[in-house]
Every structure is written in structure tokens, then in C-alpha cells.
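To start, I am sharing the structure in question, which I have written as C-alpha cells.
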Amino acid sequence: MSPILSAEEGGELFIPPQVAGELESLLVLLVLGLPLAGFLLTGLVGRRLSRPWIISVAAIVAATLIATYLAFQALGGTYGEHGIKHIYYTWIAVGDLRVEFGYVLDNLSALMLIVVTWIGALVHVYSIGYMAHDPGKWRFFAYLNLFMFSMLLLVLASSYLVVFAAWELVGLSSYLLIGFWYTKRAPALASKKAFLVNRVADHSFLVGIMAIFLLTGTMDFFESFIEWNVAEVDPLIRNAVAVLLFAGAAGKSAQFPFHVWLPDAMEGPTPVSALIHAATMVNAGVYFIARTTPIFASAPEALLAVAVMGTFTAVLAATIALTQKDIKRVLAYSTLSQLGYMFVALGVGAWLAAIFHLMAHGFTKGLLFLGSGSVIHAVHEEQDMTRMGALWRKIPWTHATFLIGALSLAGIPLFAGFFSKDTILDEAFVLGWWPVYLIGVLVAGLTGFYMFRLMGLTFYGKSRVDPAVEPKIHESPATMVGPLVALAIPTIFLGLVIGLPLGDSTIKHWLEPVFHPGEVILGITFPEYEFIGLNGGLIVISVALAALGIGVAIWLFGVFNTRARLETVDSLARRDRVTRALYTASLNKWYFDDLYHVLFFRLGGLVASGVMWFDVHVIDGVVNGVGTLTQRAGVEVRHIQTGRVQNYALDIAVGLVVVAAVFILLAR
Amino acid sequence: MLDLGRLDILSLIIFVPLVGALGLLLLGPLLKLVRIEVHPERQDDLMRWGALLTALVAFALSLLLALAFDSEATGFQFVQAADWIGFFGIQYKVGVDGISLVLVLLTTLLTLISILASFGPIKTRVKEYMISFLVLELGMLGVFLALDLFLFYVFWEVVLVPMYLIIGIWGGTNRIYATIKFVIYTLVGSLLMLVAILAMAWTYSQTSGTWVGAFDYLKLVEFGFDPTLQLWAFLGFFLAFAIKVPMWPLHTWLPDAHTEAPTAGSVILAGVLLKLGGYGLIRLNLPLFPDAANDLAPLVIALSIAGMLYGAIVAIRQPDLKRLIAYSSVSHMGFVTLGIFVFNEQGVQGAVFQMVAHGLITGALFLLVGVIYERTHDRTIARMGGLGQRVPVFATLMVFFSLASAGLPGLAGFVGEFLVLLGSVAALSWIGYVAAFTVIFAAVYLLYMVQNIIMGDVTDFLKGLGSRLTDVNRIEAATLAPLVVLTVALGLFPALVLDLVALPLDQVLAVVAEAAASAADTSAGLLPWPQTRC
Amino acid sequence: MSQSLEAYLVLSVLLFGIGTFGFLAKRNAIAMLMSIELMLNAVNLAIIAFGAFTPELAAQASTIALFVIAVAAGEATVGLAIVIAIYRNHRTPLVDEYASMKE
Amino acid sequence: MATDALLTLLPFLIVVGLALAIVLIDLFVPDRDDLIMAIGVGGLLVALASTLAVGPLPWDMGYFSAPGSIGDPALYTRDLLTSLLDLAFISIGLLTLLFAPDYLVPRKLPLPEFAATLLFAISGGMLIAGGQDLLVLFLGLELLVLPGYLLAGFAKRDGLSTEGAIKYFLLGSFSSAILLFGLAFVLGFTGNTQVSGIAEALGAVFDGSQPLPLALAMGLALLSVGVLFKIAAVPFHYWTPDAYQGSPTPVTGYLSVGPKIAAFALILRIFVEALEPLRGEWALVVGVLAAVTMTVGNLAALGQDNIKRMLAYSSIAHTGYIMVGLVVFATADDPAVASSGIQGVLFYSVAYAFMNLGAFAVVAALQRRPGVTSQLATFAGLGYRAAVPALLMTIFLLSLTGIPPLAGFFAKAIVVLSALEVGGGMAILAVIMMLNAAMAAFYYLRVVVYMYMRQPAEDAPALSIGWYTKAGLLLAAGATILIGLFPPVTAAILDWTEAAAAALATI
Amino acid sequence: MGLPETVPYLDWRWDDLVFLALAGVMLGSALLVVLGRDIIRSALWLILSFAGLAGIYGLLGSPFMAISQVLVYIGAIAVLILFAVMITASKRGPARLVFQRQWWAGAIAAILLVGLMITTILLTEWPHNGQVYAADAREIALTLFEDYLFAFEVLGVLLLAAVIGGLYLAKRDDDMPQTNNPRQAMRDEEERA
């Protein structure tokens, strides 16, 4: 029950953000307010506009510019190492509880701002083309704006509860966008699933936040960090609270066991998949844990859980991605797997790497999803890769950018993904988590394989496109290709710009102030980086495995004009019982969906029916039973009234005898 | 601050509806007297507008009251007292504090909305309907403002009769069963409450040697009853309030009453009537019987949590929209009782806030069901589908209020639930965690409903309605608009309510805490966090 | 025996009992009326007996007994009138056949 | 002396004189119903006024008010209880008379005989109200019940009426005989017929510490059964439903309140005043029977489709409620509490008189057209056929249910309050009473359901109500509402009942 | 008279013998009233029973009461009853059953009641016992017309009320329609057939 730090140490370690200037507060308000206004305006009048997207895109572009300005100011050190903070108003104040609506702009939120606004803006632009023919596009843009508002609030908020509010709002936007084509059954179900799975996680998350308040007496991040570490708290409670928070993060970031909603979320329009379900919202969990590292740092067992769950998710998702036929599902499982990486990083204490990977993966996966949207658009809303092939010539821009994304994701050196992923693996190993490293490297190989399987099936080999569609395949319009190109740029250069020099990168400098207290508490120290030596060796191993995966994929599925050996896949899979079983299991996502279906839908439904039966027949049954019984008793009582005087007289006489007997007995 | 001088504003508010009702009653004969021929339909319109005007005046007066109210001051304001039955020291005594002010505002607003919402749906016996509604308003306002227990009881029962008629006359097919169930259930509780009131008054008069003040709330609060009497009187009151709230397992009258009531009846039932129970618990049970409240809190908490989870789970499988919302009410009102009995600021303030929020949100949901029922004459979830395509405005509002009901942050529903859950986690640790599972089930049943009626293809049943399935009309929009605004406003600025209720609730808690402190041992040591924080 | 109050009271009680039995057992309304007369007489006997054994009560008891006799006469008048009226309706003096109203 | 006696007896004499006058007028000027009504109503109003004039009243009015008595030792005393009950009986007579023509005239039943018999009956009640001697009380009782039997059979061509009458008569006479035997026992044991004398004699020989002499116990049993029959307590209630259902409806109304209140008055005079030292002996039995009475009454009323029969059973339940007040008197240790029990009895009786008569009056008004039954179905859609009677009926029923702020609610509250003042087992009785009240709501509101929530029968004729009935309904409804809602009235009745009870219940 | 002090052999006082004889007559005829099949004979037995009671009144030293008993009961009430019996006698002769079906229960109840009452009477110590005191007619008259004058007047009212009402009820007016008489409707049917 001893505190982690003395009050003095806490004061030294945690340096509060500066008070923000009025200009900054106004700008932040604009960053938040523009998308919100865009949502409200588009929602109210968008239907009547000839270009329903106009308000919304304008709002986002403006917000992006302002946010970029703010972010660069922050990263540039204008606001000091620890950023700035401002409270707009007190949202809820009851007793000791004060929930303040305000923002904190430090380097972490600045980086998140850049990721969110830029990908968001590009997706908005992309959607102009992608949704051009949808009659409900005003709704789509309104929802997108709502999402942008919520996501920006999430990364800027200074209070747990405001983060939670934003957390729910991004969930809401996700729900609305997944279910955008709500008249169809699958999106409707998928949206509901996403919301409910998140609700389950959020329930724990919320209670975790409450516990934070109860233990620290504040809802403010920075105040709580100090209090948490200087207060006397049972380690068990610390870990329990951290696990509750992690559960929330795992829900939003679709970590096992909450991973099932994300692949289904691909029922939404592809830009949504890119923005929400790959690049931004699903990173919220990672962001939150990174934000609250001082909390997690004093709960090492909870961090272990984070690492284990991350590792498991990474492997699980990667193995599922190997066999999926739907192009977006492959990407979705890949997202899960990469998020797993990030959680691994969070769990082992490589927090910087987690955020780095978050950014790199965000741009990469955004690019890939938008690219897949372009592909799907080209082949007339076909998502099954077995009905694609040889598209690279017909949609060259898409192909080129997609290839960049695939290489980045596979961890090929110099692309963004390489830097971030290797930072994770490297730091995991360095910090002594070598089993995690081994699994991570294995997953890197799998990643290379499934990405190039995807490339092969989609762009290379023989065309399996519906002959009717074949002649109509064309490259997407500029509004769609433009964002692809724009996203390709950070995908290529992000690592080179902020990931170098290795071991002492720019991003490390940026984030050091944010993570320093946590590292001190956890007791992490990184040894000197040796490019020629251990660290370099680790890179070689992981790159080699990734290359191996790519090589196998190319051998099986071809590249450019090489012949694909699709039949080999089948024969491999069918060779014996074990591989066949594994193949089927992977194809069926390890049966988790079925398990959950039985467990929650069927069994839960049964329970609900049972309780309802109980309500009608037992509780209300008792109520009505009392009523019926009373009525029945009334009938019986009335039967005594026979209508015959003699019976009445007899009863009176008997009554008299009884009364007299009682009186006499009482008198004795 | 507005100075209302010697204007007896509370009595004015209470009796404006009565004046209106009498006016409506006498309007017909008066017109006949001055020989003005009015077409029956026009006469119905006169009744409608007359009732609306009355409700508007009451609402305006309550706003005036809110303006003149001093939220910094402790104790009751605008107290007005007069002897009623001097023999037993029974007074006509009314007064307002933050808690009652909030609920009075809710009442006048929802009555106004309900009357407006009845313009279309109520086509028969309009006069009687409007009179019932105004008398109902009188009763509800009286309950919230009474400071004499006898008066409180009288108003409590006055509420019963018009609601009985509203369900019984203008209700659905099974209305008679529902309304009788409602009345008998409520009566059982309230009559035992009467026993408790009388027992308290008697004890008071015995000790003080006079009947003067024996029913006076303020005097009784200070009196300090002995534990045995507290226990029994607590149970008497509790039964009445628990039935009204309704708490599990005394809830089964509610789904029936809601299902059969006309739309506006459901709105008022959910919006205000259920709150009478919560209000009673806060106003009477805690301050009057702090020892018993402390002793019985575990029981109440257990029932509340059971009700929260149970109501939510049962709601999942309800085939009827109104039944579904009714069970959601059971679940949501469980938050109220839970919040009250965890005895900390967050819990209690959250409970009051939840009452208001639930009134607005569930009221709106019932209005929306009414909208769809007007057009389809059906409420079966299975027969709906794809309403999003056909009636987008309706669908948007339905989704909005469903999410509000599910506790989406930023809307009113969240604040109350959060505060109550925070209070219960503070007081009960992991039990609060279990209670919080309710929010998951809430999402389940609400999203099931949304998916089934809003999403998907338009069902054949709805297709069959053709052009009769129109979107929300002007009057309906007018009834819903203030609720939307308030749901958002209270979600973003809960202080609007919390600032009013904090002070009086702190006083209530102080009484309870004092009683707890005088009791021997507390279980504070079991909690992982400092007790002072909650 | 004739000098003891108890003897007269027992006699009175026996008469009362016979009257009671008659009232309970008979079917004919007039027979029941007769039984009631027996009971009233039993009461009168008791009253007179009390008077006879309580000197200061003697005159009072006789007076009361007289009143009872008169009241009994009034009762008989009313009763017989009702019997006659009902006989016109129901064509029977047997009371167990009057059971149109029950439950 | 003669003037004093005259003043003491004034209301009683006016009522009896009125009865005689009506008989004579009918003899000489037959078939003048309007005249009869004018004289009857006018006379009763005069009687009301005279009661108020001769008092005594609980307040010092500053003018002549004569508490006096007749005979030495007193046979009849005019005390607060007498004046209060006189008012009640005269009001009951007045209301019943007002409700009668609408029912009687279309059925060709003679109004003069009815009026005279009714007036004789209430004069019996008034005699009990002031009776101070067992003989006078017995005579009063017979004067009350003999016309009552006749009234029950007043529709002599109606089989149900005569059937009810003979049942009422036979059982009533049986119980009178039992009661009389009980009186004989008391007389024999105490050697006294005076109410005060008996109390003194008993107080001398019996102070509650030694066992009750057996003969006295037997006498008490006989007396109890006699009066329990008269108030229609279970299991001596059987006559009520049949007699009520069979009687002409205005008579039913009268029977449900007049004889019942008179019987309670008898109880007050005999059990509370004369046999006060024995009160502990009957507390248990009466307490149990009170609970049983209200429960059985309510249960049996639940499924009744005939409204008169339903109200009959309900009146049994109300008997049970009133009995609670008696039990309070019997069990209280504190004189104030004992007196509050009696106050409950009195208040309840007064309130009950108005609301129950009112309810029956509406039934009677509906039955103005011969052939209309008192089945519940008759009430279907009444709210839309005849708004005002339906509204009044609703008020009466709500008051009977005990919904505030009507008279019935206050009556129940006061009785329950007195029970709670005793505490212990009496609190349980109070709870039983309240649960019963909730049960009763079911069948009272069932009538409301019929009136407002069902469609009228297709062939339901238009309803027309005579002026007398209208006036009577107005009176009854006014009383029902004012007793609850108009503080001066409530206060007046509370003061009066309290003063009367305090004088009576001296333990 | 030359009678011995007590009854020979039995050693009873003669009064006792008279008492027993009268009691026997009274109770016996009362029993015959209730047990008899024929209602007219019952009425006659009733008269005898009343007469026995009158004798006992005499024995109790109350000849005035005895006379009143004979005059009022035998002279008025019994005759009234006889008339009523005649009027209501069914044309089809006496009914098959004299007792109702549950007469045995009535018997048990009556016996229990009597048993209880006798027990209480015998177990009670009565305040005054022993000397028979006779009230003469003068005393009775004084009580009646002075102490109980008011009651006497009331009695007049009572009897008047009974007579007026009774007259109305017993009066024939067959021209008026009868209602609610299923049994009579049935019988009318039979008679017509």
C-alpha cells in the first residue's frame, strides 16, 4: 500500500502544461468547432445543397490548416516541452467532482492532430468522388464531420470524462457510418455489433475512469498522474483500474477479445474504413494508453496484460488475414494485427514506438484502404479478390500508390512502416521481452505474405473480373487519386523525416517529455543504440523474415506479369488434415464470431427470454394471482350467501354460540 | 432576482390548472347561457386551446418562479401556510426548494407538451380529457410543493384519479385491466403511506402535547423519531414510492399502464408520475427516517440494481415499442433509487438529474411512438422496418432520443447515469461495477429497436399504408423540439439543474450522515478509496 | 325450587332454546314467527323472575315485561303483514323457497 | 318543566308529529304528493333548524341551548351525541324523502305511507340517540326497525322486495329477541335499567381485575350478537345483501345508513356508556370481527354485477371500518385515545351517511323508469348519457373508496389515526383496513369503468331526473365534498364529534 | 286447605309441584309448537304454552302480568297468528316437510346455546336470590305512568307505526301488476292448466 513516489518526487517528475494563450484557445475552439458546425449545417441544410459536401469539406480543410499550424507550433517548442492547457468551462461539478471541458496541446496531441486532420481532410476529398453517386451523401458528409469533431475532441481533451465523451461520440459516428447503407441488412447488423462490442468495453472503461477519480480526486489527466503515484493505493487496485482502462482501449482498438467488430465494420463505405477503422478511431485506444502512461507505469501486471493481448491479437489477426478473400477484410485483419503491434509496444514500455507506429500505420493503412476503395470502384463494387486480378495496368495510379502502402506495411526499409515497426521490435527485445520479439518478427513475415498475396490476387496474374465489367474498368477520378498520391508521400517519407537517426530520432525528442515520467516510474532505461551491432542485427532479422514472406507470396500469387500458382495454395491447404484444418480455421476467423454468436446472441437471447418469461409468469403472475385469488375468494365468500333464511339464521345461532363461548372462556 | 412581493406564486401555480379545468367545465353551459351556438367540433377546439393556454400560463408562472428563486439560499422559499384542519394541526403549507423547483418546471413543461401532443390524437370527449389533464397537473404540482404531509398525501391521491380516467377512457384495447391494475397497485402503497403519516403525526403530537405542527414537514424533519417507528414508517412510505417509481419487483403495472395509455398519458406517466416516487424518497424517506434509511439502504440498493439490470434485460425481448420503453423506464428509474440510497453527493444529485433527464427523454420517446402509432395504429416492432427511408425526420429523432436514453455523453441521459454510477462505485466499489452493466443492456435493447424499426427494408405492413405514413407534422415537431433542445442543453450544461439541487440535497445527506455517524460501525474500511471523496 | 331464581332462569332458557330451535328448523314463516314469540316470552319470563327476586326492581320488571308484550304485538303485526304480502307474490309461506336473491 | 321537556324533545316531537300529520293529510286529502313532499321536506327542515336551536352544540353560541332530560331518573337526555345524531337522522330522512318520489311515483307506490313510515323510522333512531334507559333504547330500536321492515317490503307487488323484507324481518326479530335476552341479563345482574345506573353498578362490582361473572359474560355475548346483527357485522350480516337488493332503491339507501348509524348509536349508549367497565371483555371479539367484516364485505362485493347488492356488501365493509373505532375505545388506556375512537365512529357515520345515500340516489334516479334494473350494465356509458349524475356518482364512489379530499377519506383517516394512537395490534388492524380500502377501490372503480369506459347500450333511454332528486343529490354531494374540502365544515364536525365522544367515552 | 306442608313422598313444597306442572305444560306445548306438522295445531299449542307461562307469572306473584299475558298474547297475538295461518294456508295442503333440511344443525346449535346459558346461570352468584317479591298493580301502574310515561307514549307511536305500515302492506290491490315473481308466474301457469 505504499505510494510509488513521494509528493516531492511527484512534483519534480510531473511538470504541468503552461496556461494557454487566448489565440491558441480560440484556434483550438475553431479546430473543434468547425467540424461540429459543419456537421450541424450539413445535417440541417445539406440535403438541399447541390454540392452537399461543400460545407463539410471546407470546414475540415480549414480545421486541418489551423490544426497543422497549432501542431507545428507545439512541436516547434513554442509552447514549451509540456504543452499548453486551457479550460473552457466546467461541464459537471458535483461535490469534489469537477469535470472540466478543456484541452491540452502537447507534442502527443500535436502528432495526433496531424494524423487525424490530414487523413481526415484527404478522406473528405476522396469521398467527394467516391460518394458522388450516392443520394444520401449529405448525410455521409455530416457524419464524417461529426466524426472529425469527436476525434479531435478525443485527442485534445484534458479530462478523462471528456475523453470518454469523445470516445462515445466517435463510437456513435462509427455506428452511423458503418450503418450508412442502413437499408441493407449487413451494414445495419455490423453497425450495431460495433456499437455494442464497444459498449461492453466502454462499460469497464467508464468504471475505470470513476475509480481514477475516486482514487485521485480529480478527472484531470495531469493532476491525476501525480496524485495516483503519490497516493497510497493497493497494487491490486492499481492493476485492476489499469485493466479496466485497458479494456476500454482494447474495445476501441479492437484488441482480442473485442476484435470481432472491426472486420464487420468494413460494411461501411470504404472512405469510412480508411478514416475511422484504420487510420484514426481505432488508434484511440493506443493514444489513450500512451496518454495515461503514468497510470499504467505503476501497474506493471496490467502492462503485461496489454503486451500479451497485443501479441495475441497480432498473431491471431495476421493468421486470419492470410486466407481472407475480401480485399477490405484482409486490410481489416491487417489493421488488427498492426494495432496488436502497437499494444505490444505499449505493454513493453516502448511507448514512443507505439505512437510512431500509430502514425506510420495510420498513413499507410489510410492509403491502402483508399486504394482498395479505388479498386472496388474500378471493378464496380466487387470486393472479392478472387474476382479481380491483373488490374495494375488498368488503374496504374491506384496500383502504384497501393504498392507503396504494401511495402510500407510489410516493413521494407526506408518506408514509414519499416521505421516504426522496427522500433517496436527493437525496443521490445532491448527491454528484455524477447518472446514478444520473436512473435513480432514472425508476424512481420506473415504481414509480408498476406500483403503480397493481396497484391498478387488484385493487381497481378490473370484477370478473373466479370467479363461484363472488364471493359468498363477505369482509373478513379482526380478527387480520389489525388488523396492517394497525397497519402503516399508520408507513407514513403515519414520515417525518413522523423524516424532518423535511428535510436535518437526526431519523434523521440518530441515525445520524450510526454513519456519520461512513466519511464521513470516503470524504471525503463534504453541502452545505447548500436546500429552496427545488436540493433542492426535485429533489423536484419525482421527485414529478412518480411522479405521471406513477400517472396513466398510472390512465388504463389505472382507480381506484375509473373504467373500465379493459385492451385499450389489449394494443394498446400489440402495436403493433410492439419493444414486443412488450419486453413479452414483461418478462413473462419478461428470461429470467434461463431463462438460469440452462440455465447451472446443465442445464449443471451435465451436468458432475456427467460427473464421475460419470469416477468410475465412469475412476477406479474403473482400480481395477477393475488388479484385472481382475491376475486376467487370473493366468489367463495358469496357462496355462503345462499339466499335461504334458515342458513342465515343457523349461522347467526352458531355465531352466537361461538361468541358466547369466547366470552365465557375469556371471563374465566 | 425577481421580487414577487406578496404574490402567492406557489398557490397560483398549483391552482391555475384547477381554474382552467373549472373554466373548461363551465364553458359549455356558459356559452349556452349567453346563447352562443358553437359547433361541437369548434367547441372541442376551444377546449384544446383553453387547456393549452392554461398549461402555458402555469408554465410561464413556473418560469417566473425559477427566475425569482434564490438558488443560494437554504431552506424553502415562497413558503405560504394557512390552517386547514386546525383540529389536527393540518395546514395548507407550500414551499419550494431547488429539488421541487426543478420538478415543477419539468411538470409544467411536460404538461404543456402533452396537451399539445393530444391535439391530434384525442378526438373524442375532448373536454373531459383536457380537464383530467389539468387536474392531473394540479395534483403533481401539489405533491412537489406541499410542505404538510397531509396535504402531500391529498395531492398524491389527487394524481391518481385523472390518470385512472386518462388510461381508462382514452387508452388502448386492454385499458381497463391496465388502469385498474395501476390504481389498485398505487392505492395499496399510498394507503399504507397514509398509515405511516398518521402514525408520525400522532407520535409528534403525543410528544409535543399538541396537534399543532403534527403534519408540518419542517417540524417533523427536526423531530427525530425512534428507530422502531422509523422502520415501520419508512416501509410505509417506501412501499408507496417504490410502487410509483416503480422498483423491482413492484413494476408490472407500469408496462401495462404505458402500453394502454394514450400517448400524452404515457408521456406524463413516464415524465412526471414516476418522479413522484423518487421525489418522495428524497424529500420524505431520507430526512424523516435517517436511521431506517441507513439500515435499509442495502435492501433498496439491491432492489434498485436488480431492477436496473432486470428492466434492461426484459426490454430486450419486448415485442411492443411502448412496452420496451416502459421496461427501459424500470431500468432507468432504478438508477434514481440507487443514486438516492448510496448517500453521497454524486449519487443523489445524479438521481435528481436522472429524474429530469428521464422525464425529457422517455417523454420524447413516447411522443415518437405516438407519432408512429397515429399513422399505423400499431406498435409492434416486428411490423415496422425501414422507417428511416420513409420518415427520415422521425427516424432521426428516434435515433437521437434512443441514443440519449442509452446515455450518450453530451446528452442529458449521460450525466445522471454517470453521476449515479459514480456514486454507487464510490459507495459500493465492485457492486457499482455490476450495476453499470445496465448501460450495456440499455444499448442492446435500444439498438435492437433502432435496427428493427428504422433500418432495413420497408416492411409490407408499412408499404400497405402508402401515403398515410407521413413524417412528423408541425404540431408533433413543436412538441418534440423543446425536448431536443433541453436534452442537449442539459447534457452540455448539467449545472442548470445541479446548481439548483445541490444545496438542498446536501442538507438531506447531512441528516443521513449524522444518523450513520451515530450508528455504531460503518463499512467504510472495505472501500479501496478514501470515504471523504464520496 | 319455585323459590330459586335459577330455576326460573333455567326454565326461561329452555323456552328460549325451544324457540331458537323452532326458528332454525321451521320452514313456514308463520311458524318461525311463533318461535320468535316463544323466545320473547322466554325473555319476559326471565325479566319477571329477576323482578320477583329483586324487590326494588319488581314493579319495573313487570312494566318492562308489559312493554315487551306490546312490542311483540307490534312485531307480530308487521311480520304477519309482510307474510301476507309475500304470500301474494310467492304463493307460499315456506321461507326456504324465497331465494331469488343470493350470493 | 313542561317547556323544558318540550324543548328537550322538540326535534323528536316534530318528526313524530310530521309523520302523524302526513297520515292525517293523506286520510283527508288523498293523492296530493306535492303537498306531502312540501310538508315533509319543510317539516324536516324545521326539525333540522330546531335541533340546531335547542342544541346542545359544542360551541357557546350565546343563545338558548338546552341540555335537558326527560323523566327522573332520566329516560331520554339531550346531550351532544343526541343533537349530532338527531341532525344525522333528520338529514338522512330528508335526503331519503327527496329521493323517493322519482322512484315511487312511476311505480305507483304511495308516497304518504312511505313518508310516514320513514319518519317513524328516523324518530326511532332519534330516540336511540338520546335514550338513557334500556327500555327506551329497546323501544327506540323497535321503532326504528319495525318501519324498516315495512319499508323494505314497501314495493309489495315486487317479489324481491317482499322477499327481502321477510328475510330482514325474520332475522331482525330473531336478533331482537337475542338482544332483549341480553338486556334481561344485564338488568338482572345490575338491577338497574338506567344507563348511568348500570355503569355505576358495574363499576362497583367489577373493576376488571377479577374474572367477569359468567352470566354477565353470557349477557354481553347476547347483547353483542344482537347489535352486531343490527350493524351487519360478519357473520351476522346475511340479511343485508338480500334486504338491500330487494328493497325499493331509496329505501335501500336509507337502510344502508339509517339503521346502521342508529345501531351504532345503540352501541354507544349501551356498550360505551352503560357497559363501559366491561369494554376490555369485548375488545378482542369485536376487533377480530371488524377485520373479518371488512374483508368479507369487500371480497363479496368484488364480483357483484348488481350495484345495489354491491353497495350492500360494501356497506358491510364500512361497518367493519367503523367497528375499528369501537375497538379503539375498548383497547385504549388513555381516555383521550378512547374518545378519539368514538370520534372516529361518529365522524365516519356522518360522512358515510351522505356519500352512501348519494350513491344510492344516483342508482334510484337511474331507475326512475320502471323496469330499469340495478345491474351494473345499466351504468354503461352513463358518463355520456348523463354527465352530471355520473360525475356525482363518481364523487360518491371516490369518497367511498377514500380518495382525498372527500368526506370518506377523512373518515377513514380519523379512524385509522385513532387505531394508530393505540398502537400494537391496533396498528395491524389499521393496516388491514387500508389494504381493504385498496381492495374496495376495485369494485367502486368498476362502476366508474362502466360509466366512462364502456359504450352505452343501444336502447338506453334518455335519463330525466326530478327536481327533488336533483336537490337531494346536490345536498349529498355538497356534504361529501364540503366535509373534506371546506375547513369550517370539517372543523365543525370534528369539534362536535370530539365533544360528543369526550362526554361519552369516560373511562 | 288441608294439604300437607310438602308433597307426600317427594318432600317437595306444593309450589314446586305447581311450578313443575306449569313448566311441563309450557315447555311441552312449546315443543309441540315447534315439532308439530300442522301449522294450525302449532298455533293452538302456542296458546297453551302462553297459558302455562301465565300460570308461572302467577306463581311468581305477578297476577297482573298473568292477566296481561292472557289478554294480549292469547287474546290478540295468537288470534292474529291464526288468521294469518288461515290466509296463507296453501291450497294444496301442508307442505311435505315441516323442517328444513338442516334442522339437525339447528338442534345442535340450540342445544349448545341452552347448555351454555344454563351453565352460566348456575355458575353465577346472583346478587338477589331467595325471596319472591310481588309487585302489585298499583306499583306497576305508578311505574308505568310516572317513571315510564314517556316510554309509554313512545310505545303508542310504535304501535301506530306498525299498524299504519302493516295495513298498507297487507292491503290487497290485485289490480296492480306483480313483478319479479318467477314462482308465482309458474304457479299461475299451473293454475290455468
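We just call them A, B, C, D and E in the order they show up, numbering each chain from 1.
The rule is simple: a contact is a pair of C-beta atoms (placed from the backbone, for glycine too) under 8 Å apart; a residue touches a chain by one contact, two chains touch by 3 or more.
Quantities reported herein were computed from a predicted structural model and do not represent experimental measurements.
Chains that count as touching both chain A and chain B, per the definition above, are D.
When chain pairs are compared by their number of contacting C-beta pairs, C-E comes first. Annotation: 42 Å between the Cα-based centres of chain B and chain D. Annotation: 65 Å between the Cα-based centres of chain B and chain C. Here the CA centre of chain D is 31 Å from the CA centre of chain E. Separating the centre of chain A from that of chain D, both taken as means of CA atoms, is a distance of 78 Å.
Residues of chain B found to touch two or more other chains are 184.
For chain C, residues touching at least two other chains, in rising order: 9, 16, 19-20, 23-25, 27, 29, 32-33, 49, 54, 60-61, 63, 67, 71, 74-75, 78, 81-83, 85, 88-90, 95-96, 98, 100-102. Contacts with at least two other chains are made by residues 135, 139, 142, 146, 150, 153, 156-160, 166-167, 170, 174, 178, 188, 191, 213-214, 216-218, 241-242, 439 of chain D. Contact annotation for chain pairs lists A-B, A-C, A-D, A-E, B-D, C-D, C-E, D-E, with touch applied as defined. Across the complex, chain E is touched by residues 1-11, 13-31, 33-35, 37-38, 41, 44-45, 48-49, 51-55, 58-63, 65-67, 69-78, 80-85, 87-94, 96-97, 100 of chain C.
Taken together, the chain A residues at the contact with chain E in this complex read 644, 646-647, 649-650, 653-654, 656-657, 660-661, 664.
Touching chain D in their complex are the following residues of chain B: 83-88, 125, 128, 153-154, 157-158, 160-161, 164-165, 168-169, 175-176, 179-180, 183-184, 187-188, 191-192, 194-195, 198-199, 201-202, 232. Those residues of chain C whose C-beta lies close enough to touch chain D in the complex are 9, 16, 19, 23, 29, 32-33, 36, 39-40, 42-43, 46-47, 49-50, 54, 56-57, 60-61, 63-64, 67-68, 71, 74-75, 78-79, 81-83, 85-86, 88-90, 95, 98, 100-102. Chain C makes touch with chain A in their complex at residues 20, 23-25, 27, 32, 95-96, 98-103.
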